[in-house]
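What follows is chain A paired twice: with chain B in the first complex and chain C in the second.
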Partner chain A sequence: MQRQDLDAPAPAPRIGTVSPTPHSLEPEETSGPTAPFVTAPGALAPGPAPGEPILTTEAEERVAVATQWQLMWRRFRKHRLAMLGAITVILFYAIVVLAEFLAYANPEASDANRGLIAPQGIQWLHDGQFLPHIYALVGERDPQTFKRVYTVDPTQIVPVTFFATGFDWKLFGIIPTNRHLIGVEGGNPEETLFLLGTDLEGRDMWSRVMYATRTSLTIGLIAVVVSLVLGVILGGISGFYGGFADTVIQRLIEILRSIPTIPLWMGLAAAMPKTWSITQVYFTITIIISLIGWTELARVVRGRFLSLREEDFVTAADLVGARQSRIIFVHMVPLFLSHIIAATTLALPAMIISETALSFLGLGLRPPAISWGVLLQQAQNVQTVALSPWLLLPALPVILVILAFNFLGDGLRDAADPYS
Partner chain B sequence: MLSYLIRRVLFALFTCWAISVLAFIIIQLPPGDFVDAYISNLSASGSGISADQAEQLRAEYALDQPIWVQYARWMRLMAQGDLGMAMEWQRPVTEVIGDRLWLTMVVSFAAVVLTWIVALPIGIYSAVRPYSPLDYLFTLLGFLGLAIPSFLLGLLVLYFGFVYFNANIGGLFSPEYIDAPWSWAKLWDMMKHLPVPAVILGIASMAQAIRIMRANLLDELRKPYVVTARAKGLSEWRAIWKYPVRVALNPFASTIGYTLPYVVSGSIIVSLVLGLPTVGPLLLRSLIAQDMFLAGAIVLLLGVLTVIGTLVSDLLLMWIDPRIRVED
Partner chain C sequence: MTRPRTRGADEIMRDVARKQVSRRGLMKGAAAAGLVLPTAGTPLSAIRSAAAAQDEPLGSALIGELEGPIVLVDAPRPENLKQAPMLDPLVEDGTLPPVEERVPLEPLVVQPVEGIGTYGGVLRRGFTGPGDDENGNRYNSGDKLIFWDYTGTEFRPALAKSWEFSDEDRVFTIHLREGHKWSDGEPFTADDFVFWYEDLYLNPDIVPVPSGTFAINGQQGRVEKVDDLTVSFVFEEPYPLFLTILGGTTFMGSGQMTSRGFHGGAYAPAHYLRQFLPKYTAQAELDQMATEENVEDWIALLRLKSQWYLNPDLPILGPWRCVSPINTPNWTMERNPFYYEVDPEGNQLPYLDGIQMTLAENLEVLNLRAIAGEYDLQERHTDIAKLPVFLENMEQGDYSVHLDPGSYGSDATLQVNHSYDGDPEVAQWLHNADFRRALSMGIDRDQLNETFWLGVGSPGSVAPDPSVPQSPGEEWRTMWATRDVEQANQLLDEIGLTEKDGDGFRVRSDGNGRLRLEIFAISGAFVPFPRIAQAIAQQWQEIGIQLDVSELERNLGMTRMRNNEHQLFMWANDGSELIYAFPRHALPVDPAEAMMGPLIATWFVTNGEEGMEPTEQAMLDAIDLYRSAGGQTTEEANATAQEIWKIIVDNVFSIGTVGVSPAVMGIRIVKNTMGNIPARQVNMQHARTPQSSHPATFFFRNGGGS
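Showing the complex of A and B:
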């Protein structure tokens, strides 16, 4: 492994060879005394910078015997933003699994009287003592309009409890329970607790955002898997066999990239019959979205196949009579698996944006389904948003998760080639 | 060069054909045929047409014929400039679309041009002064630009404009010009409204372009010929502009072909948020009303115009960059 590096011309500083990367925010490559694997090729440079620890042979040894995945992990770990992205993504998928637990109110429980209540944060201290609580909302009938108006009454406090009981749900869809992360003491959270306010129909935004996160992130994930399958098959055929198939697939990709696709997907989505169930709509939308992202994945796979096809070990495997499937799956795929993982991660944000955009327009998921786009539909009117700005809050997880996936994907792509 | 030109034009024609097939598929997708939808739409609004008229319509659009005849008929009507009737408005599609198609292209081109004007100097600056405070700032803005979907950015801009400036930043014209005929004053009014949607639309491609330009130029600046140029005492300005920037421009320039389709795509949704008089809102309404003929016409026209725009930009690029001419 080490030999490859020594035979190669002096490696260029990585920053320059990587195309669009979060360049200036990532740590400098050669400054980590704890990372022998990167400093090892640096031994080719004119000399170690003063103050830099001289590498022990033990450290070199560890690099030399490390597997490809170990090297990738070490390089990835040094990419602080990518690590941050990874943690954020993991937290978001924790919400996906535990949406009902984190939500405290039934997302469908609506009460037109409680529409557009402003967010109310938890007060952690009471008279200097730790007592998480919120102020009670008191409903009064407006003498003019006869509408119930809710105001915060700071004299009445409602203690907030943890692992409280609430509406029934099933953990992993099997274990029935009614515990939730938070709740209110001796009360119905649907009527008292509004961490992110309520929407037009008086449904609790916090709980709805939790459910929406589940829908939007799973749609993105399923869609990316579908486009991965499409991309790997078409890109694989294109790169491995070349010739006519390659030409046809490449032209197809070029065409798809040179036409405005959103109007097309809007057209496809609008053709869904109104009578379809949530599940049918969900899977149709997933497929439509996955049609968006496969071209880039196919391009990556094709490029990898093209570069590996000419390698000696592939020729050797061919000469000793290995089957084509064996050459592809045993000899070639493990080498570019990491690239595919990185490309997949980078493709995910586009999927999430597409779902959000389609649902926002009313062409994607439709209520009663809850997704980020469905929630944002209520924020379409600027006058409404100006009066109740918390309706814009579902935009925050969208932006956060896209940033996280971008950082994660960039880090993975940089780490994907540990020998470079 | 001629062969490149011919291949390029042939590919554009082929793409247009593919778009027409896709648009036709969209028209065919909803259950029932167009005349069924037309009749149900008419009866919903209280009027109706007789069975004879329905048959006549079916014959006109060849709906009783096999699918490829229908396609051929539709294409012929399209080519003759007869885009059919818009159901909801009871007016010819051409009339309903009106200026909207051109305004879509105006907004999109403005976004692309802005992308270039902004991204190029910033990318060069970031590469020449890497890790400087401004470089970090641009990187940060670039990440945000990439991460905020344009329609959300539009929403946020509208909200902040409304709350802090008490102004509606949406739209492409001041109220007094919306229905006014075209004049220099109206054009000037549009130019004043154009920057906000152009920035919102272009920000993602701008961020992408800055990253590409920065990475390319950084690569280039490390090459020995630049070191030689500096060693021979060339001024820093010349050492950067004479060759490295021009070399770095090439991969950057080749992405322009994909910027326009991307921006046109985005303009559909952004127009809805910002209330721009482009085909976006019209497309959405026609899709929701299941007026597939109007929707198909919009998809087709939008696609064809984008292909033409990309072709023109490619030819311009060929004229600017001699390497493309020599390559093949």
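Showing the complex of A and C:
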């Protein structure tokens, strides 16, 4: 969809080219399939003055000798939303790796005396000088409204520092450190800094969101990989060989697809050993779900195999004595790589959404695990909407990352299939 | 800790004296109910001025003075009886007899708290589904034999106009009201008691286990008809406590409508229920009826037909009878034209034409409707966490908010299963008093109070509020119940739990890894149990104890609890302020619900034939004291209750957190059109809140328009 919207009309100039010269290939000559080589109008500066045909030739040369991966990358780069999506996803996974570094408070550190503090902005200037700081808060429960009221004490300035010390953690689980991206000078950040406010128990939301991002974005990864591998292998066998194998696998798929997931999920959640941590339980369940989730991809792969195996080039390869594995992996799989990539990038957000949704319903992760769904589950009440709407903020990263993954998947699908 | 010594007679006398001032004590309790906030740090000028604008302590504006309607004992029937306008046409066309014939010759005359009301209007409330029958039972508890005054401390007549003990407290006799009729117009007489006793209670098919509350020292009592209006309960041994049993929410005393089809209540509508018994109706016919109602057999049929909220045809004695049953989205009730209460001017009660309960899919929906002002009166299921939202929307919703603090010790009690046998290692520790003391001292109750009770609760043990007669005293609220991590760790070290794993958690003594405790926490209850349990799990990390929270749906949790599967169970210890009438949350003696040890409760009621004997001497002592109270007068029994509480608290049989708060059924949302609503009412199980405020006297000031 985006491809058609964004792709340029055919006569657009090529990368690094000047206006068409007698030497240059006209886009029309390679109509259709050349579309990937075409940039959006005005995306690049118009060509320099005529008279530099060599440059053009070099550019031509680059295109001509580019490998498929390079072609894919070039095409992908032009899909702006996909690029944006890719950057967003990378940033989110950076949070996954560096959650403790980006958090400044222990996500479990609670104190009733700092419950339900609203998000607090950092003041960047003080008396005209650059001095990031926050003001100290004094809290008390209002005797008439029963709300916790926090008052800013403008006389008490707490400077915010970077790479400050805070609670202990281990980089990559190995290197012990206590440095964090931000902190406060001469104080405990847990007690003073509340960028996204605090929840009912007085736990810092910013730090909890960081940890939640880690849980929510990693928990589906393995499951997606498992269902990907199973889908390609079983779908491939089914489509390539047909016959009895096809019948067995297809009936198996039908049986598996008829199992309702939510009751299965509930049953499995109850059947897991009590001594397992809640994250272990959830992880196991997602893997089990992925053992069921491969069916859709397998059907698609089977369909592609069925149509491709009748193609002349497959027959040709077979006749020249190519091994079956070579025919499959060298000649056939690259032709529907786009489907696989799209399925993967679209399965990940589905897994993230299902974690969030199930936790929100109380079936997935449960406290003390921290995930987006858990944070949102704790915010699903009247008083949050009325009194502490900032507790709904974890919905924002969910929306962002799901959109980003979808754009990314879309761009990848287009890029991976330059000739489609 | 020193063992509580035996109490002398003079001390008991002092308690008796104290009981007489208990009403004032109760009011003082309101102020003492933890409604003073500790000021956090140094308040700033802005905050100080906000506080200065209001000199009274936090919440005092919402906790009114305890008041209620007064039962005019022995008042004669007023001369000019009047009835609700909705009944006029029915009397005119002969469907109903005139009001003079419907009201007993000696009705219960009640002086409403505010004044004479006007007839009309339907009270709108919310309920949460077929399991929420108590929502309506409590409005219909006017059908108890004996009830309490509005303070919940003194007995008042109800169905029984008077009573007396004789034969050295072996015989308890009640006197019924002449001309008292069931809601279908049939007379209510001693025969209804005899029917209940001979045809229901003595039939093991219908009542499989005879009630412990109708027995003294294991010997069952009998019902005897003296004359049409006089019934005697006869016991083998003196049983002065039976008066309290009838006053409490017990099998014998709950009344017909609250007995929930378990055939308690000591009387039943013989003229109606006979048709469902094999003794009076052919078996084939009963089977036919059972098939038509889609139930298993005649026993299930009888049970179904005995539940007023499922069977609109059932004759009742309460103020409102069922029109549309509880398993529909609109559970509706309309006035019982034969109700036996009148006001001093002769108006037959109730004033309200009916009650309409609207099904709320979940508690959030119910609370949202309350905030929007869609209910006329709602004190059930209202969430203390939403108190600021309730207050914010008072004007818009045209309602006012009243807080009614309860009298029991803990809204979120960690009930310890004293008969747990699933894991011998865990059982060994759970049944160790020092272990439980350490657990209790590992809890930071002030934090819980501020977070989950908005600071209005009272942190402490399981002991009831010092204002109630059975309280052992103020100091027992705090024993073993203040945070002391150092002492807790020391106790745990001393009992042998010295080894810790890499994460700082104590390990099992049998070498099988970390010592893990599990608590069952029911979700969707009055208080957010799972979240509180999670906070406690967090706090226990400091004493090296791992607590796993199992969040369960209510029915599943209760089933697993009855199967003795729980180690700890979080629940309110409501009702324990009157220990003999509702002992289940204080001692494991009631098999109907024994979170503190289902097997011990079985052992107790079977006189040791089945179940499991408690392993701790202190538990045996407490149960012995409990058993001995049956032969004591009310005053003596109260003194015994104090001794029982001292044992419970000293041995931390269960772990209290925060209580004496309005969190359970104490956040009362009252539409401003309602009249005769007390500023404050007691919040007690045995006072059947709000029955102590006589809902039959509630009325709409605007004549019923909502």
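Please note the rule applied: the second predicted complex is superposed on the first by the 282 of 420 C-alpha atoms of A that agree within 3 Å, B and C clash if a C-alpha of one lies under 4 Å from a C-alpha of the other, contacts with A are read in each partner's own complex, and residues count from 1 in each chain.
Simple rule for what comes next: a residue touches a chain if its C-beta (ideal position, glycine included) is under 8 Å from a C-beta of that chain, and two chains touch if they have at least 3 such contacts.
The structure displayed is predicted, hence computed values, not measured ones.
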{"item": "Which superposed partner A:235 touches (first chain B, second chain C, both, neither)", "value": "neither"}
{"item": "Partner chain(s) touched by A:85 [first = chain B, second = chain C, both, neither]", "value": "neither"}
{"item": "Touched partner set for A:107, first chain B, second chain C, both or neither", "value": "neither"}
{"item": "Touching partner for A:145 - first (chain B), second (chain C), both, neither", "value": "second"}
{"item": "Contacts of A:273 with chain B and chain C, given as first, second, both or neither", "value": "first"}
{"item": "Which partner, chain B or chain C, touches more chain A residues", "value": "B"}
{"item": "Which superposed partner A:389 touches (first chain B, second chain C, both, neither)", "value": "first"}
{"item": "Contacts of A:201 with chain B and chain C, given as first, second, both or neither", "value": "second"}
{"item": "Contacts of A:260 with chain B and chain C, given as first, second, both or neither", "value": "first"}
{"item": "Which of chain B and chain C A:380 touches, first, second, both or neither", "value": "both"}
{"item": "Contact residues common to both interfaces of chain A (with chain B and with chain C)", "value": "362, 380, 382-383, 386"}
{"item": "Interface residues, chain A side, partner chain C - complex", "value": "108, 110-113, 115, 138-147, 149, 151, 153, 200-202, 274-275, 362, 366-368, 378, 380-383, 386-387"}
{"item": "In the complex, chain A residues that touch chain B", "value": "12-13, 15-25, 251, 254-255, 257-264, 266-268, 270-271, 273, 349, 353, 356-357, 360-363, 376, 379-380, 382-383, 385-386, 389, 392, 395, 398-399, 402-403, 406"}
{"item": "Residue numbers on chain B that touch chain A, as the complex places them", "value": "11, 14-15, 18-19, 22-23, 26, 29-31, 126, 130-131, 135-136, 139-140, 143-144, 146-149, 151-152, 155-156, 158-159, 162-163, 168, 170, 208, 211-212, 214-216, 218-219, 222, 257-258, 261-262, 264-266, 268-269, 272-273, 283-284, 287-288, 290, 292, 295-296, 298-299, 302-303, 306-307, 310"}
{"item": "Touch list for chain C against partner chain A, complex", "value": "37, 39-44, 46-47, 50-51, 54, 57-59, 61, 364, 367-368, 371, 383, 385-389, 391-392, 446-452, 454-456, 513, 516, 518, 523, 530-531, 534-535, 537-538, 548-549, 551"}
